[in-house]
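The following blocks contain the structures, represented as structure tokens.
Look at the two complexes coming up: chain A is in both, with chain B in one and chain C in the other.
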Partner chain A sequence: MHDAELALLSNYLVVGAILFGLGVIGFLSRRNMIVMFLAVEMMLQGVSLSLVAWGRFYNDLAGQVLVLFIIALAACEAALALALIVVLFRRRGTLDVIAWQDLREADQPPYAEEALPEEPAELPPRWPRLTPAGVPPEIPREQTDYRPHV
Partner chain B sequence: MVAALLGAIGIWLLLPRGRVRGRLLGLALGAVSLGLLASQMPGLGDWVAQSLFVILAGVTIVSAAAAITLRNPVYAAISFGMSLLGTAGLLLFQGAQFLAVATIVVYAGAILVIFLFLLMLAEPGGRAPYDRLTWEGLVSAFAGAFTAGILAMTVTCTLVPRAGSLELSKREPPEPPVAVTHEQREQGILAYNHVEQIGRALFDRPQPTPAGQSPGPGYLVAVEVAGVLLLAALVGAAVIVGRGRGSLPRPRAKTAGFSSRGGPPDA
Partner chain C sequence: MFEIKTLLVLIPALPLAAFVVTAALGKKVLRQRSHVPLVAALAAAFLASLGLLAQVYRQSQPAADAGPASGHEAAGYEKIVPLWTWAVVDHAYTAGERGLLAGPAESRDFHVDVVLRADTLTAVMLAAVTLVSLLVAVYSIGYMHGDPGYWRFFTYIALFVFSMAMLVSVSNFVLLYVFWEAVGLCSYLLIGFWFQKPEAAAAGKKAFLVNRVGDFGFALGVFLIWITYGTLNFHDVKVAPDPRAPGRTVVYHDPADVQNAKVAGTQIGGVLGRTTLAAMAERPQLYHGAALAAICLLLMLGACGKSAQLPLHVWLPDAMEGPTPVSALIHAATMVTAGVYMLARCAPLFAASPQARQIVAVIGGATALMAAIVAVTQTDLKRILAYSTISQLGYMFLAMGTGTVLGIAAGMFHLVTHAFFKALLFLGAGSVMHATGGEIDIRRLGGLRRAMPVTCATFLIGALGLAGIVPLAGFWSKDAILLAVRQQSAAGPGSTLYAALYLAALFTALLTAFYSFRAFFVTFYGPTRIPPETAHHAHESPRVMTVPLVLLAVGTVVVGALLEWNRVLENFLARTPSISFLEAAAHAAQPETGFDWSIAGWSTLVAAAGIALAGALYLAAPGLLGQLTAAMKAVGLYGLSAGKFFFDQAYGLAIVRPLEGLARLSAWADRVVIDGLVDRIGGLPPALGSWLRPFQPGLVPFYALAMLLGLLVLLGTMLI
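So, the complex of A and B:
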């Protein structure tokens, strides 16, 4: 039984580490402020998982209590950060972090926007057509003018 | 470590770079790394428990990866919600029922909905250049994979005894300082009155335990501080948003017919 508990602990720690790493990647590489914030929440989730795992391993409720505090802290952080994002969005009209790149250090070069290939415009939706079968119905001319297909 | 490196390359290929090239390869690499990782995980003994854990962890990790790699931020938020559900399942698997429900209620119910509101406010739909491009994707992918890989390798080397994978793991695994039996867990952290126990841990005054140990920490002050912090964050958010909008428009007494205090018009 003890080995099973040890395996459970190590599995949970690995999963928590992976969640934390994914959060690091997302925070470093994405440019949308809201997605960056999602990545921060993901890091908190990873830490919560490992805290709960340690708490179970040592039969101690302190891990779960700490996760409760993490949840409260995440709620505070979400309120403040989303308020800040709303203010920043009002100032510049975009969620891009690069709109605020004049806050960088003095000796850093400005980020040059990479040229993107043009996205294809959205095609109009194509509805499926039934293959005609049987006797063609008699439809008066004025109806077919207004009903090109059913 | 190989799994972490493969996963890093897969994530880098999956990150939006303005082109659609290489996403399939990234998916394949990510799947291979997940498979490697799952094969290295030690078994939980029971195959039902093992498969349940693998499914839950797979859902969590795959949807977390989707949350940071999808181009449309609305889809990213939704798959983050999926990852939250997976996390709640993992917490439930550990016997932390109250935390699982609290995670769903607070994160998926409150925070994620606010995210979605904000995203609807901005409404780029994944076509904005800042959603199509990432910066320093390779460096950040390797940074994150390095973090996760180092952490996971530390865990597997110190906790899991396995012969021959690394030099470090050939020694005996360290004995845990407290050996907890299953019966103790069933009376403690896996108890039936789990919520009551969490409440007692939060609000009771610390009792000195009979075995000569020092009394556990009491959390009453910390709970109060957390409440004050929540209140301060609420007020702060309101102040920040209100100040960004400028002064509030004041209702005019003459046109509206009554003053701003809501009383009768003072002639």
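So, the complex of A and C:
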């Protein structure tokens, strides 16, 4: 009985640790703010999972209750963080955190992007030319401004 | 009727209250009514001082049934009013080891109490100070009208009158020093009243710095008194164990407690107390030491600074940059006489030290002569009066230098009369300035008697009083001084010296008459000359200014004869214990002197000659003036007089320049050495910071990595 419980616990803990580690790696290696935020969420889930597992192991509901709180708080935090990211994006027009590196000490040299190796220019896709049929789809003006790549 | 104690406290307390009220409310509430508290307080204080004078007069009369003062006991009257204890240092002095009072070793506390005294000298000074202050305050209502600093002016004046009243009524050298400095402060503030004017600011600074020299001497004198006497009180006190606090002592000041056996305790003889005076009379040889001579000379240095005597007189002419009522009140009638008051107060010390006394007399005589010579060629009306003040203060010093009751009474007499006529002259000069838009160069004025009849008449009375024409104030007091000096020249130590000083004083009287009437004739007679830019404005001053002038003129006419009559002032002052001691000593040696007709004749003659000369040169024969000036220029005397004996230049060369050099050197050392060191030390934190600064590159992943590594290090240490 006890051994079975322990084995079950260690399974959950391993999954939680994997989640947490993936989150850390993601946070350190990505520069897109939304992705970094998702990585942080993932770390949170890993910790929550191990909390639930320990609560189950000790037959103590406090672990689950705590996780409920974490989920509620994570929701609030997500709302705040996404709002902040929107503001930051409006300021710089990009989600890259490196765009905010001028918050460094005044006399420090800026971080220079390493020049990426030149990739051969991809040829523009060649769409088949068809005769227009019917009315062209109407795309609202603000939508094209907001999503310049569309 | 009020008791002496109430009156004595009331006289300084009223101006103090006026000071507090004006300082608190003057700027925002009272504004152009700022004079109200001061004038009311001074009127009340003057009445109180009259009451005090009457009470002291009544109490100081010797009881009819008492016999003549027995032996060496100092007769006279003093009332000591202790208020509260200011400072106590336990076991500060061991009597018997050092000083005059050889005897069994005995430990004493340094005990400074706030103690006032009422005696005849104080009563006379208080009456003179409050009366002149009152009149000048009323005059200032008109003179200072519309000045942006109106409330400030009356605040300072109130503080000054408080300090001056305390100065003359304290009974302790420490408090004397404190209020000595306080009046100096008021003088500084009022000289620099128009502080935006560079000359006024510089004059205030000069007065303060020159006074520092004298005050330093005074302070040393006070220290030496403490070492020599073991007390700083003027009066005797009795020290007894405190019944309420065991191990501590309580000091009894009241003469009734001290003399009666009512309180058991150790009696400590004050510097001017009856015990010390009796000991001085019994064992005079004990007191003729170098210590006493040094004390006297140091006190005299202090008096020279405050009373503008050689060689510290240079601040007073510059002090005329202040408003004219200030010149009248502080720099003519009251504050500058503080030195004379101190010499009169310390008369027994000077009586015991003939050398110091003679030095005082020489300084007084030399200052009187020097200042009178300078006053002859000045062209600035207020400067003439300033040098005249210095000269008259020299007369008072000369009188104090005789060291006799006659001399001291004469000096105090001259102090009182001088307060009247010199305040009158200054206020008259202020009235002229008020009318002509601040013009005080007498070469640009003339014939003002038509425009300003009241000012002219009162100025004439003041000038006659200063010149010493019978029966005005100056005549009586100057004759009293001449008489005292001539009496000393008859016999005794330094009789030749006093004879020379007598001749110098007579010659000074001639010059006095000449310069005062030169100023009068040039300003008020001759062709009408008014600066063209203010010609429409030349008019008689308002009533609020002319009434004090008239009152002071009346005072100048009557006060001399009033106080001379029946020698009332001399007899009154002789009721001060320290002066009555001199009288007891003098009665044995010198015969009673009455009114001296020969001195009266001589002084009237020289005064008349001076006036006649001034009239001849400036009204009748201007050609003669040119010839005389040329002759004097040829001798070099004219340049010496116009250049004020080159004291300022000499001090500039000998003292100011080297000190400026030292100041520059210090400034350089401060800038380069000290500031340099501080800058170096101040450079350390930035250097440290520049080393740590790369850890903030502004890259969020770097921060995250640093956090993670730090966390790992922490976990690692926990595992280990």
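Assorted remarks:
Just so we're on the same page, the second predicted complex is superposed on the first by the 111 of 150 C-alpha atoms of A that agree within 3 Å, B and C clash if a C-alpha of one lies under 4 Å from a C-alpha of the other, contacts with A are read in each partner's own complex, and residues count from 1 in each chain.
Please note the rule applied: contacts are C-beta pairs under 8 Å (C-beta built on N, C-alpha and C of every residue); 3 or more make two chains touch, one makes a residue touch a chain.
Nothing here was measured: the structure is a model prediction, and the numbers come from that model.
On the shared subunit chain A, the superposed partners chain B and chain C are arranged side by side without overlap.
Of the two partners chain B and chain C, it is B that touches the larger number of chain A residues.
Shared-chain residue A:Gln108: touches chain C; no touch with chain B. In the superposition on chain A, contact of A:Ser48 is made with chain B only, not with chain C. Contacts of A:Trp100 after superposition: chain C is touched, whereas chain B is not reached.
Using the contact criterion defined above for the overlaid structures, shared-chain residue A:Ile34 touches chain B, although it does not reach chain C. Legend: residue contacts after superposition of the two complexes on their common chain; A:Ile71 is shown touching chain B, with no touch to chain C. In the superposition on chain A, contact of A:Ala83 is made with chain B only, not with chain C. For the pair chain B and chain C, the model built by superposing on chain A gives 7 Å as the shortest CA-CA distance.
Of the residues of chain A, those at positions 24, 28-29, 31, 97-98, 111 touch chain B in one of the two structures and chain C in the other. Chain A makes touch with chain C in their complex at residues 24, 27-29, 31, 36, 97-98, 100-105, 107-108, 111. Only residues 1-15, 17-26, 28-32, 34-35, 37-39, 41-42, 45, 48-49, 52-53, 55-62, 64-65, 67-69, 71-80, 82-87, 89-91, 94-98, 111, 113-114, 116-117, 119 of chain A touch chain B when the two sit together in their complex. By the touch criterion given at the top, residues 690, 693-694, 696-701, 704-705, 708 of chain C touch chain A in their complex. Touching chain A in their complex are the following residues of chain B: 4, 7, 11, 15, 18-19, 37, 41-46, 53, 57, 60-61, 64-65, 67-68, 73, 76-77, 80, 83-84, 87, 90-91, 94-96, 98-99, 102-103, 106-107, 110-111, 114-115, 118-119, 121-122, 124, 127-137, 139-141, 143-149, 151-152, 155-156, 159-160, 173, 176, 178-182, 184-185, 188-190, 197-198, 201-202, 216-217, 219, 222, 226, 229-230, 232-234, 236-238, 240-241, 243-245.
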